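The same chain A turns up in both complexes below, where it pairs with chain B and then with chain C.
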Partner chain A sequence: MSAALLGIVTALGDDELVVGHRHSEWTGFAPHIEEDVAFSSIAQDEIGHASAYYALAAKLTDDGADRLALGRDKDEYRHAILCERPNGDWAFTLARHWLYDHADALRLEAMEETSEAELRGIVAKIRREERYHLLHADIWMQRIAHGPVEGRRNLMDAVGRAFDDALGLFEPFEHEAEAVAEGILPVGSDGLRKRFLDQTSAELDRLGFPTHMISTADTEFVASSSGDLLVEEEAGDAVEHQGGLGGRSGRHSDDWSPLWDDMTKTYRENPGARW
Partner chain B sequence: MTSEVANAAGERSQTNEERNREAVPVTIAVIEAAIWDALATVPDPEIPAVSVVDMGMVGTVEVDGGRARVVVLPTFTGCPAIDVIVGDVRSAVEDVPGVTEAVVETSFVPPWTTERITDEGRTRLKDFGLAPPTGKGPVLLTNIGLPTSAQCPFCGSKDTVNENPFGPTPCRALYYCNACRNPFEQFKPV
Partner chain C sequence: MDTYEVFRRTGHKEPFTHCGAVTASDPGMALLLAKECFLRRREGEHLWVARRSDVHSFGDESLLQIGTDKTYRYPEGYRDVVAKRERARARAAEVAAS
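The block that comes next holds the complex of A and B.
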């Protein structure tokens, strides 16, 4: 059993499950019917992707995919904090969707070259479906970028609020050095983060949004003496990051506990039920 | 006399082995063909007009003695019908004469794509009221980014507009036909 492979598929599965669960909260409540359908469908896709990752993790650990999805304690989940944030308003929902799916597309693209055959198969399959998510997110960004000023301002603010959390998607996976050395992860999280910053800042610029809101563009993650990941600014001063980091080591925000309660309630109330 | 009997038995057994060597591949081919025929009657539970074979969901069929192994390729990763499909495929394979054990597995290798849907499958999709997939993925209108090019399954017009790249199931997109003014769904190209 490869601990490095397990670390990656667990984190990817948790990202997809948790963001998928948040998307599903729009079912029945989205601003209009087409978006109700879209977010419900994207949610179903993401949770389906999670199940594929969990099936692989379950095989590695002789565990059950359902138990991995819904039967773990809160601090055993490894998703990025971005995924657990409440939907908030429509602007934040779209900002998170856009940032998440661009980040996901970049890591999936890189992982199509993974040395692990089974993971490679899952990634190739998922990428075909994720194109629709990216398309959906991009259309919304364009629509609002070319729309009235109030919407532009709301979306811009939301992207600014979500951006630090989005960088948490590039916090190193558990056993990442080993995963990179073995070719399981062809591009490390740091390399992926740079690609993400280049791509999102170019795209925001193209849409006419100011890019200064991505204030962490020139920063590096460094390990502090306490073991927490900090963001070191170019000037050299290490400052504690406000949010976004910690998810990959199971340290989540206050938003996680109520979501975990809600997400796992049925599973916990019916131990041993067949799904 | 003893040696004659042994000799005769030896000759008989040799003859049987030779017969078996010739017969086994034929038997396997016959059972495999019968399995494919049986699978051609297993419907996609969400689109009962189309069989799992016409959907291109059957990856491989292998027979080894009485043991049959079938690999099913899920259409979409999150397809909730997959457990039903696996169960239906297993039942159909178990009913094939000569099969004593049916092993049905799912795999994402090779990935199922809409290109795997047969011509017969496409015709049946259309007759079912579901536009067959076009292209190899989201087909985009330049500069607008909306998927396009679905042919109305009701009137055949290509004057259609995508209203939503998502639909009631992960595999369907919503369209509207400007010619006959019917909303319709397309099996999404992936």
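The block that comes next holds the complex of A and C.
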């Protein structure tokens, strides 16, 4: 059993499960009925991806996928803090969805070359669905970014608040050096982080959003290259900046405990039940 | 926001058939939403959307009603043609013989 492989598969599964669970909280509450269906569907996809990762992790450890998903203690989860943040409003949800799926697309692209055949198989399947997620996030971002100023400002502010947390997706995995040496992880987290910064800053620039927020998310916004002068709004109150790090070693934010409680409650009531 | 009519087909030789409608801001958004609303269980392999206002129809549907006998436009109108021809041939033979 490779501890390095297990570390990666667990972190990826946890990211997908937790972000998928947050997405699913919109079911019944999304801005309109068609989006409700579309976003719920994306939530289901993410949980399906988590299930594929957990199945592999369960095989490696002779455990059960359901127990891995819902039967672990709080500090055993390795998802990035970004994933556990409350949905807040649609702007924050969209900003998180956009940042998460761009990051996910980059790491999956790199992982297609992994030396682990089973992981490669999972990644190939997941990538097909992730194309839609990315398109969904991009289309929504474009529509709001080019729409009325109020929505545009809300979204810009939300991207600023989510950005630091998003970098937590590139915090090194457990045993990462070993994973890179063995070819399990063809591109290390630091390399992926650079690609992510390049890609998102180019995209934000194209959307006419300030890219200054990328280096330090809480400094004032500056004029974008499109010439749009963007004034900083009052500081958002929903999400604090904690640098977004710690998730990969099980050090989560205060948002995690109530979410874990909610997510795992049914399972913990009767751990032996078969579903 | 506009209403978009959604069409899908099950195979590349099949015709597109209407399957419903979505409300969306533009065609790209309509496609994005239609995919998950109407093609989430492998119901088809291709999708079209068209703005409802781009679909044209007669203002007065009564124009489409048919008043007089048009049975000649249906195959059923020709069902007994073989028997009729046989009888005509028989009559022609009788006339020729007399």
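One rule holds for everything that comes next: the second predicted complex is superposed on the first by the 249 of 275 C-alpha atoms of A that agree within 3 Å, B and C clash if a C-alpha of one lies under 4 Å from a C-alpha of the other, contacts with A are read in each partner's own complex, and residues count from 1 in each chain.
By definition in this document, a residue touches a chain if its C-beta (ideal position, glycine included) is under 8 Å from a C-beta of that chain, and two chains touch if they have at least 3 such contacts.
This one's a predicted model, so the numbers in the text were calculated from it and none came from an experiment.
After superposition onto chain A, the partners chain B and chain C occupy overlapping space and clash. In the superposition on chain A, A:His32 makes contact with chain C only, not with chain B. In the superposed pair of complexes, A:His136 makes contact with chain B and with chain C alike. Once chain A of one complex is fitted onto chain A of the other, the partner contacts of A:Arg153 are absent, as it touches neither chain B nor chain C. In the superposition on chain A, contact of A:Arg251 is made with neither chain B nor chain C.
Of the two partner chains placed around the shared chain by superposition, neither chain B nor chain C is touched by A:Lys265. After overlaying the two complexes on the shared chain, residue contacts for A:Ser41 are found with chain B and with chain C alike.
Which of chain B and chain C touches more residues of chain A is settled by the count: it is B. With both structures placed on the common chain, the touch criterion links A:His49 to chain B but leaves chain C unconnected. Within chain A, the residues touching chain B in one complex and chain C in the other are 34, 37-38, 41, 132, 135-136, 139. Within the complex formed with chain C, the chain A residues making contact are 32-35, 37-38, 41, 132, 135-136, 139, 143. For chain A in complex with chain B, the residues that touch the partner chain are 34, 37-38, 40-42, 44-49, 51-52, 117-118, 121-122, 124-126, 128-129, 131-132, 135-136, 138-139, 142.
Residues of chain B touching chain A in their complex: 76-80, 107-109, 111-113, 137-138, 140, 145-147, 163-170, 174, 188, 190. Every residue of chain C that touches chain A in the complex is listed here, in rising order: 22-26, 28-29, 32-37, 40.
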